[in-house]
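In what comes next, subunit A is part of two complexes: it sits with subunit B in the first one and with subunit C in the second one.
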Partner chain A sequence: MATTNTQATARVMMAPSVIILLLWMIVPLAMTIYFSTLNYNLFNPAETPFIGFLNYEYFLTDPAFLTALTNTLILVLGVLAITVIGGILLALLLDQAMWGAGIVRLLVIAPFFVMPTVSALVWKNMMMNPVYGLIGQFTRALGLGTVDWLSQVPLLSIIIIVSWEWLPFAVLILLTALQSLSEDQKEAAEMDGAGFLSIFWYITLPHIARAITVVILIETIFLLSIFAEIYVTTGGGPGNATTNIPYLVYAQALLQFDVGGASAGGIVAVILANIVAFFLVRLVGKNLET
Partner chain B sequence: MARAVSTRRKVFFTVLAWTVGLLIFFPILWTILTSFKSEGEAIMTPPHFLFFDWTLEGYHEVQARSNYFLYMMNSVWLSFGSTLLGLLVAVPAAWAMAFSPTKRTRGILLWMLSTKMLPAVGVLIPIYLIFQKLGLLDTRLGLIVVLFLINLPIIVWMLYTYFKEIPGEILEAARMDGANLRKEILYVLTPMAVPGIASTVLLNIILAWNEAFWTLNLTTHDAAPLTVFIASYSSPEGLFWAKLSAASTLAIAPILVLGWFSQKQLVRGLTFGAVK
Partner chain C sequence: MSGIQLRNVAKRFGDAEVIPGIDLDIQDGEFVVFVGPSGCGKSTLLRLIAGLEDVSGGTISIGGKDVTDAAPARRGLAMVFQSYALYPHMSVAANIGFPLKMAGQSKAAIDQKVKAAAATLNLTDYLARKPRELSGGQRQRVAIGRAIVREPEGFLFDEPLSNLDAALRVNMRLELSELHAQLKTTMIYVTHDQVEAMTMADKIVVLNRGRVEQVGSPLDLYNHPDNLFVAGFIGSPKMNFIKGAYAKEHGAATVGFRPEHTTLSKESGAIKGVAGVSEHLGSDTFVHVKLEDGTQVTARCAGEMAVRHGDTVWLTPEDGRLHRFDEKGLAMREAAPKLRAAGSGL
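Showing the complex of A and B:
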């Protein structure tokens, strides 16, 4: 067979994807790195002197950066905790025998398909509004008083909204993994007298461990760059209370027109994401071989 | 049935699961219900759940005041355009990697995956400035290209996992029967690849339709899709809940339906084949 011929063809077929992605990665990234060393403001784009690492120094020593970094971490970890634990519980629930299981599953995964701007605004107005919002009306009816969610506990509110969007993802993945667990194995364990908890701990959990890792890592990628939800609800505020790193970079670039400073921030975000990516690529790479 | 489930147990889980399911779905249900209320009714305290005067006022307002149709067409253009462009480039690549893998194939796939992890803010500024120079800001073409680029790794990966499941022996058999490459692709592989391609298309339309970083930052009006249209309600206009709900319902309904049909593919696509 014409192996060399086939391989040449294969290379030609792959070339467009590889070249396009390479360009998409390298050109803008190189430009960002270059901009990050300039004193470049869109108010005065004619003069952009080289200033070395000064932008990084400003960005990293700005108290807003530390706040944004903390907010980013709280947001990612908070949403992960809620969606992974909630996802496991819900997946276990949906795996039980019941009537209308298909419909319940549709209801549970629906939020994932709602565009971020819609979910953020629906929660902001119709759920969390202190006067007319449903949560407020409900807690008042119970005599518990009202919380002005987005001003009193802004970061928690964002965590709730984002968790609502991502819980379905966790459920969907974990349920898929659960359903590939054979009934026989559970049954055998039951016959040996194993209780619900020990079946969960020794059989179910190890079986879905890989899926849990995948959920954590993929959610982390997306959660590190949460933007739209903050943009339409709080605009990063009050103060800097809900500013995460993507929002901080956005504000610096398109609200303050500080291209140099924002570029430095962008590079910091890239480095943070790379630390996470390192682990994900390793994990998925391992799964490729099986 | 592997084992008998007691009716009491089944009733218990049915009630529990439906309660939790409805609770999670509730914000969406509430949005749909509110879209059929008048503005006054929408902020009624205590709220009326089902027994109110159903009206299409909100929908009429949305259509009349904000040129809703333009935004919807933009969403359609962006999601379909970027997906088609993606298929054009990704199908040959995935094909080559699945059927003529080399030592480097695995490395290339992982590298593609890693490009997906490049945070958008890291390249926002250059892309914005390049677009400004080329006059691509707020154009459909510009946005189609960006959405194509951010989803290309997912398209390649997803197609690759589907193509790899097509048995290679079938190709050999066809070759022995004297099929040339063109016939091989047309009559043997295409029919087997269509389901995988269809799933990929579905997932990518969903992802592109809901994308809300680049669309918010690179468009203002002419090329603005529904994500941007809805975001404009974050202004005081957002106090008109019936209108907001009507606009939201229209924006999410088509994707909700598509999404419900594509649950399985979604799992595979979003986990890069790690969970099937």
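Showing the complex of A and C:
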């Protein structure tokens, strides 16, 4: 493709951007690693003695850590399940030719443009509030009584809110994938005697498999760091019921003023994210090469 | 038993009437070609027969059964698409076996039938491959394989060769004709290429703007076109048409004669013109001639014919090969003997 000469030139030309990007990443990471080895408390920021891995030991043996880890996993998997399955169904629906499809598509995409803090507040006060919330009023009208969502099923509530935000993204990606499926293939399958479910299973699903992997990959990256929704609704509670790893790191740093411990938590989160990314990239790589 | 009958079949898309109403009988085992220019409704007609489009009126029956409202899979027809429409994520074997799998047949039965079909189509070595690893001709064969394993009552081909290069197209044409000779199943084949129609068909249906212009055997259409459209569409290069005084001599509004039935001379003849471009094909030479009234005609001459651009030439249509058409463009047949007399007088 290129001679040694042009390759060398290309490297020189790219160097400035690569160096800037590297610094952008390496400097905060290095500082976090450095802080994570100090006894750095905001009550006494003048003295920050080196304490080795003690911060890690405290963070990992904290009973809240295991809870936060499980909560993070439940949150990510729950939202992924809802958005992928719901996204496929909605995309199938929107792929049909129908009157006003353009407007419906726009409405479906809309939640994606609402910022997380706002949508979480709207859900907290207008939907899930047991007294004024629409859901509560609806179930009361049916004679079913009410659920105090955020205190009785806090993690499920968070999952619902985050799913609402991410469903449009999944629908958007999956709908474009569906629209690229050639009509001929569906017709050929129809001629071959395949019914609706068979066409979905043997033709449609394999066709959108790649898009599904992309949705899972991108959503996972963002869902691992969900914070705003928890902060404005439950504040990690009740107890630790909705505390995930990012929220635990926040609590360590700004509620307990323990910068060293929070930094250790941050590094743990980075390692966890990398483990997840390792598996995801293998999954995606397998799907993308075909 | 699998003749196909169309009775007054019509198709409208909204206000646009694509097919106003067609009657057609296709006999069991026939190789029928629908041919016509693009947009003439030939593909739509095929899709109506397949059941991929609903008819707006009329009835379709296959093997004596009314299938007008039957689902595509219930009609016992198999279709080969222009784009092949192979399933990209399935192996060749899975592609061919898909209709059998949908029919709920056992793995062993599917395996055996797929192998048999692959053997017929020279695909045995490729069964494990994915469609994208195959050449155009091989993909085409997989699509045909997927059609033949079902042992359908009829095959529908929607311009199956138009994505192949010229050499391959000639080969596949022969293979398809060979397949028809082996299976003896009804085949309906849609194409815009009149050469494919002439070489493969038992019966050609010429369509134009949703109407059947003429139905007949290839030679029938070639020798006795019903109207100007069929006369101009069938045959290559296309038939020469002359209006005016020369046509009036023969008592017609338009006369037509084929390039291959035209004698070209530099000394004398019936029609005078100026030679334009000569195309040398080796075996033949096509000489394009501009007549005095501006009409462009073509003459097919021997390969060695040497006519220079700008030479004055005379053309003479062969005896008894002159086609006469009235003002509406319909063929005038009843006066054929008299035509011969007039022709010999030239």
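The working rule: the second predicted complex is superposed on the first by the 262 of 290 C-alpha atoms of A that agree within 3 Å, B and C clash if a C-alpha of one lies under 4 Å from a C-alpha of the other, contacts with A are read in each partner's own complex, and residues count from 1 in each chain.
Following the convention adopted for this analysis, contacts are C-beta pairs under 8 Å (C-beta built on N, C-alpha and C of every residue); 3 or more make two chains touch, one makes a residue touch a chain.
All values reported here derive from a predicted model rather than from experimental measurement.
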Exercise for the section: Quick one: on subunit A, after the overlay, do subunit B and subunit C clash, or do they fit? Just give me the call. Expected result: fit
Practice task
State whether A:L92 touches subunit B only (first), subunit C only (second), both chains, or neither.
Solution key: neither
Exercise for the section: Kindly classify A:L172 by the partners it touches after superposition: subunit B alone (first), subunit C alone (second), both, or neither? Expected result: first
Practice task
Considering only the touch criterion stated at the top, classify A:V147 as touching first (subunit B), second (subunit C), both, or neither.
Solution key: neither
Practice task
Please work out whether A:M25 is in contact with subunit B alone, subunit C alone, both, or neither, and reply first, second, both or neither.
Solution key: first
Practice task
Could you say whether A:I216 touches subunit B, subunit C, both of them, or neither, answering first, second, both or neither?
Solution key: neither
Practice task
Figure out whether A:I74 sits in contact with subunit B (first) or subunit C (second), or with both, or with neither.
Solution key: neither
Exercise for the section: Please work out whether A:P206 is in contact with subunit B alone, subunit C alone, both, or neither, and reply first, second, both or neither. Expected result: second
Problem - First, second, both or neither for A:A194, with subunit B first and subunit C second - result: second
Handout entry: Touching partner for A:D184 - first (subunit B), second (subunit C), both, neither
Key = both
Handout entry: Least Cα gap, in Å, left between subunit B and subunit C after the two complexes are fitted on chain A
Key = 5
Practice task
For subunit A, give the residues common to its interface with subunit B and its interface with subunit C.
Solution key: 184, 187
Practice task
Please name which positions on subunit B make contact with subunit A in the complex.
Solution key: 2-3, 5, 9-10, 13-14, 16-18, 20-22, 24-25, 27-28, 30-31, 34, 43, 45-47, 89-90, 92-93, 95-97, 99-100, 102, 106, 108-110, 112-130, 149, 152-153, 156, 206, 209-210, 212-213, 216-217, 226-228, 230-231, 233-234, 238-239, 241, 244-245, 248, 251-252, 255-256, 258-260, 263-264, 266-267, 270-276
Problem - In the complex with subunit A, residue positions of subunit C that touch it - result: 50, 52, 71-73, 77-79, 81-83, 85-90, 98-99, 102-103, 146, 150
Handout entry: Complex interface listing, subunit A residues touching subunit B
Key = 6-7, 9-11, 13-14, 16-18, 20-21, 24-25, 27-29, 31-32, 35, 90, 93-94, 96-101, 103-127, 131-132, 134, 137, 141, 164, 167-169, 172-173, 176-177, 183-184, 187, 210-211, 214, 218, 221, 224-225, 227-228, 231-233, 245-246, 249-250, 253-254, 259, 262-263, 265-267, 269-270, 272-274, 276-277, 280-281, 283-285, 287-288
Completion exercise
Note: in the complex, subunit A contacts subunit C through residues 182, 184-185, 187-194, 198, 202-203, 206-207, 209, 290
